[in-house]
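In what comes next, subunit A is part of two complexes: it sits with subunit B in the first one and with subunit C in the second one.
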Partner chain A sequence: MANKSVWSDNRFWQRTAAWVTGFASILLIWLTFDTSAQISMGNDADLKNGVTKRVPGPTVINYKISYEMSTKRGHEVPYIGGNDGKGGSLFKEKEKFFGRDDYSEKEAGDLLHLGKLGSQAKNCMDCHTLMGNGAYYAPDLTKAWLDPAWGPEGSMQAVTGKSTKEEAMAEFLQHPELYPTHARMMPNLGITAQEAKGLVAFLKHLSSIDTNGFPRNFGKIQGALNGK
Partner chain B sequence: MFEQFTDVVPSFFGWLNQGPLTLTIFLHTFIILPMFWIYSQEKKRLEQEK
Partner chain C sequence: MANNYLKSESKQLATWYFTFAAIIFGAQLVFGLVAAIQFVMPSFLYQILDFSIARILHINALVVWMVFAMFGSVYWLLPDETEIETVGIKVGKLLFWVFAAAIVVVVLVFLFIQVGPADQTTIWFITEGREYIEAPRWADIGIVIVALGFVANLFLTGIKGKQTGIVTVLMADMIAFAGLYLAGMFFTDNISVDQYWWWWVIHLWVEATWEVFVGAIAAYGLIKMLGAHRQVVEMWLWIEVSMLFGSGILGMGHHYFWIGTPEYWWEIGALFSALEPLPLVAMFVHVLYDWGKTQGAQEAHGDKVSVIKNKPAFTWFVLNAFGNFLGAGVWGFFHTLPQINLYTHGTQFTAAHGHLAFFGAYATILIGMFYLAVQGKNGIKVMKSTKLSIWSTAMITGGVMGMTVALTIAGYVQVIVERAQMGATWSGYFDSQSGVWFTQAMDWRLLMGVITFLGFILLATDLLRTGKSAIHER
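Let's look at the complex of A and B:
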C-alpha cells in the first residue's frame, strides 16, 4: 500500500476547517463586545469630569470643539473645550450654540435626536458621507462642523449674512438653493428652522467624535471637491 | 513593529492594530500554528494505521 499523504487526508482538512471556523467565530464574538465598549456614548458627567470618550455625550454642543494635529497619534484629533497640551481635551472652554452654552442633557439629547431623524428623513447620505457611510457626490460631513469655510475666517458666514457658525449652517440648510457653493448645488429639501437647528447640533456632535483621523487629510486638499 | 499605544479607548485589538501588519501577523500566527500541530497528529495517526 502506497504511503498516504496528510495533505490528501480528509481528517486533516476537517480538523483544520473546524479550527479556523471556531477560532474566527470566537474572535468575531469578542470583537463585537470590544466594539460596543468603544462606541458607547458618554454623558454630561464625563464631560464635566474630563473623562475622554470616543463618542462624547450630547452636551458636547455646549463646548468649543477644535481639530488639531496630534503628533503622538499622527493625525488630527477633535479637542473638546480646549487642548490640555498633553494630547487630551481640556473640557473647559465653552462655546455658545444658538446663543446658549447651558443645554441640559435632555435638551441636547432631544436636539441630536431631531437632527439624526432629520438626517435620515432627508436622506443626507444620498449625496454626503457620515462616518464613512454614504456617497461622495457632495462633501463629507463627518467633520463638517470643523470646516473652516463655516468659521469666522471662512466665506459661508458672510455669504449667508450670519455672524455665527451654527446660524450660517442652519440658514444654508433651509435655503441651500440661494447659496450655490459649486456646480453640484444642494437642493432645497424643505428643512424647517427647528430641524435645521437639530441637524447642526447633530453635525457638531458628529465632529466631536474621535474617528482616529478619518477622513484623512481633512482640510488639507485644496481645490478638490471635498477640499475645504 | 510594536509602537506605543495611542488610541483613545484602550483595547487589546486597538493595541494589536497600531503598527502595519501587526494584527495580520497575529491572526495568521494563531490560525496557522495549530495547523502544524494538527498536521503532525494526523501524520502520526496515518503512520500507525499503516
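Let's look at the complex of A and C:
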C-alpha cells in the first residue's frame, strides 16, 4: 500500500520517536554533567576561603547558619557564618555544636556519614519530607535545624531539659515518645546517642544546602498567628 | 487445572504474574487503610506498625504489583504479537519464583524488623530508606537479575518471531525500565546527589517508561478487543512515544526545583512538564477514536453488534484513558510550575496527585489485562460485564476519586496555613494538620479508602468467578 502522505507513514513517526527520545536523553545527560559539578559537596578549604557551594562541606557544622532573604536572588538563601551584606555568606561567625566549633574534616565527615545512614536506616523519609520529598505525616526537615521551636525562643529546649539546640534535638530523637508535640507522635526507633548526634549533624548540614528558596518564608511569621 | 484453554506457556506464566500481582494489590490497599486510619487516629498501632512502616508497605506493594502485572502483560501479549512461543520460558518461570520469594522476604523484614542501626548492614539487609525503593541492596541485586532475565526473554522472542511495532516499542522501553533501576542502587552522604539520581528511577519510571508501556498495552488491547487497524494503532503509538519521551525525559526538571540543584531547572522543568499532559490527551482521543471508528465501520456494514470482545477489560482501558489524563495530566499540571510548586511541594497535594495518577494511569489498564487473561484462560469469545464487575469498577473508581478530592482539599489547607501563612515550621505544620478542614478531609479519605477496598474484594471475587459464568459467548 503506497503511503499518501508522510504524516500517515509509520516509518516517519518511528524515526521521529527515536530522534526526539535521543535528543531529550542527550540533553538530560549533558545537564546532568553540569548539575553534578554544581551539587558536588564542598570541603573545609572552601568554607575557610569563602567559596560558596550549593552543598557545603561537612565542617559547615562549625558555623552559624541562617536562612535569609537575598535581594539579589529574590528568595531566601542559607547564609553560612553570617551575612556579608552583599547577598553572600561571610564564613566568619562560628557556632558551637555539642560544645565544639573545631571539628576536623574527618570528624565532621564521619558524623554526616553516620547521620545520612541513620536517616535511611530509620526510614525518616516515610513520615517526614527532606527537601520536600518523602511522606506527609510529619513536618518537613529541610530547615529543621533553623526551626524556632528548637531555638532559645522555642519550647523544645525546656521540654527536653537541655540548654542547647543540638542537645535538645538529640534527646528528642532518642526518646521521642516522651516528648509529644501533637496527637501524632514520633515512635522510638532505637536511635543511640551517637546516632542522634550524627542525625543532628545531618540536619544542620541539610539546612545549609541552597534549595532555591524552599521552603518560602520559613519561620518568618512564627508567633504572629493563632494568638501564639 | 480444569478447562485451561491456554496452549501457550508464556500465557500461563502471565497468569501466575497476574495472580501474584492481584494479591499484592490487596496488600497495598490493606496497608493504605492502616496509614489512613493513623491520620484519623494516631494511636492506632503506634510503636507496633507505625505510619512509616505502613506507608513503606503501601507504596512498595504498589510498585511491586504493578511491575508483576507489567511483566505478566508482556508474557501475555508476546505469543500473540510475535506468533511464536516465548523464548526461554523455563528460565522465565524460575525467575518468577525467585522474584516472588524475594518479595515475600522483603515484606516480612519490613513488617517485623522495620529499622536497623545506622550502618551499611541495614542498607544491605533491612531497608535503604529511600521512598519507593526501600528494598534492601541484596533485593536490588536480585531484582536486577530477574529484570535482566525478563528483558532477555523479551528480546530473544522479539528477534526470533514477528517484530511488530508494539514489540519494538516494548523492547526499547523495557530495557530502559530495567536499566534505570541501577541509578537507585548506591549510597552517598550528599543528599542532593542522592535525590538527583533517585528521581532517575522514580520519575523516568512513572512519567516516561511506564507511560510508554501503557501506550503499548493500550495499542495491543485496542487490536485485541476491538479489532482496530494495526497500522493506525501503531502509528498513534509512535506519536505517543515521541510525545511522552519528548516531554517526560526533561520534565524530570520539575523534581529538581528545590533539592539543591541549579535554578535553570525551573525553566526546563516548567516547560517540559507543562507539556507532559499533551500525550495523555492524545492517548485519550486515540482510544475513543478507535472505538468509534471500528464500531462505525461495522455498523456501516449493517451489523449493530458491539465490536468490544471483552466488556470489563475495555471498561478499564477507557477508564485508563480518562484516569491517565485526569490523574497524571490535570492533577500533575496543577502544581508543576515552580511558582506554585514552591508552596505545594511536599504537601497532601502531591498525595492527591499520586493516588489518582497511579490509579488512573496504571492500575486501570493492568486490571484490564487481568480481565483479558481471564477471558483467554476460559476460552471466552465475547466477555460480558457482570453485576460484580460493574459494582467493583464503580466502587474502586469512585473510592479513588473520592480519596483524591479529599486529599486535594487537605492539600489546600496545608498550602495556605502551613506554607503561605506560617512559613513551613514545625508549629506551622501541626497548625495546618489540626485545622477542621484538614481533619474532615482525612475522615473522608478513610471512608473513600474503605469503599475502594470493598470494591477490590468484589473485583477479586469477579476475577475468580466470571470465567465460569454462563453469560459470556464461548
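In the analysis below, the second predicted complex is superposed on the first by the 197 of 228 C-alpha atoms of A that agree within 3 Å, B and C clash if a C-alpha of one lies under 4 Å from a C-alpha of the other, contacts with A are read in each partner's own complex, and residues count from 1 in each chain.
Basically, a contact is a pair of C-beta atoms (placed from the backbone, for glycine too) under 8 Å apart; a residue touches a chain by one contact, two chains touch by 3 or more.
Since we're looking at a predicted model, the values are computed, not measured.
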Contacts of A:E166 with subunit B and subunit C, given as first, second, both or neither: neither
First, second, both or neither for A:E195, with subunit B first and subunit C second: second
Contacts of A:K72 with subunit B and subunit C, given as first, second, both or neither: first
Touching partner for A:T52 - first (subunit B), second (subunit C), both, neither: first
Subunit B versus subunit C as contact partner of A:D126, first or second or both or neither: second
Contacts of A:D44 with subunit B and subunit C, given as first, second, both or neither: neither
First (subunit B), second (subunit C), both or neither touched by A:G213: second
Partner chain in contact with A:R184 - subunit B first, subunit C second, else both or neither: second
Chain touching more of subunit A, residue-wise (subunit B, subunit C): C
Residues on subunit A lying within both footprints (that of subunit B and that of subunit C): 9, 16, 20, 27, 31, 34, 38, 54, 210, 212
Sites on subunit B touched by subunit A in the complex: 6-9, 11-14, 27, 30-31, 34-35, 38-39, 42-43, 45-46, 50
Subunit C residues within the subunit A interface of the complex: 35, 38-39, 42-43, 46-47, 50-53, 55-56, 114-120, 122-123, 126-131, 134, 165, 168, 187-196, 198, 231, 234-235, 238-239, 241-242, 245-246, 249-250, 252, 255-266, 268, 342-343, 345-348, 350-351, 414, 419-431, 433-434
Footprint of subunit C on subunit A - complex, ascending: 8-10, 13-14, 16-17, 20-21, 24-25, 27-28, 31-32, 34-36, 38-41, 54-55, 58, 109, 112-127, 129-140, 142-144, 147-149, 177, 181-185, 187-190, 192, 195, 198-199, 206, 209-222, 225-226, 228
Touching residues (chain side subunit A, partner subunit B) in the complex: 1, 3-4, 6, 9, 11-12, 15-16, 19-20, 23, 27, 31, 34, 37-38, 52-54, 72-74, 210, 212
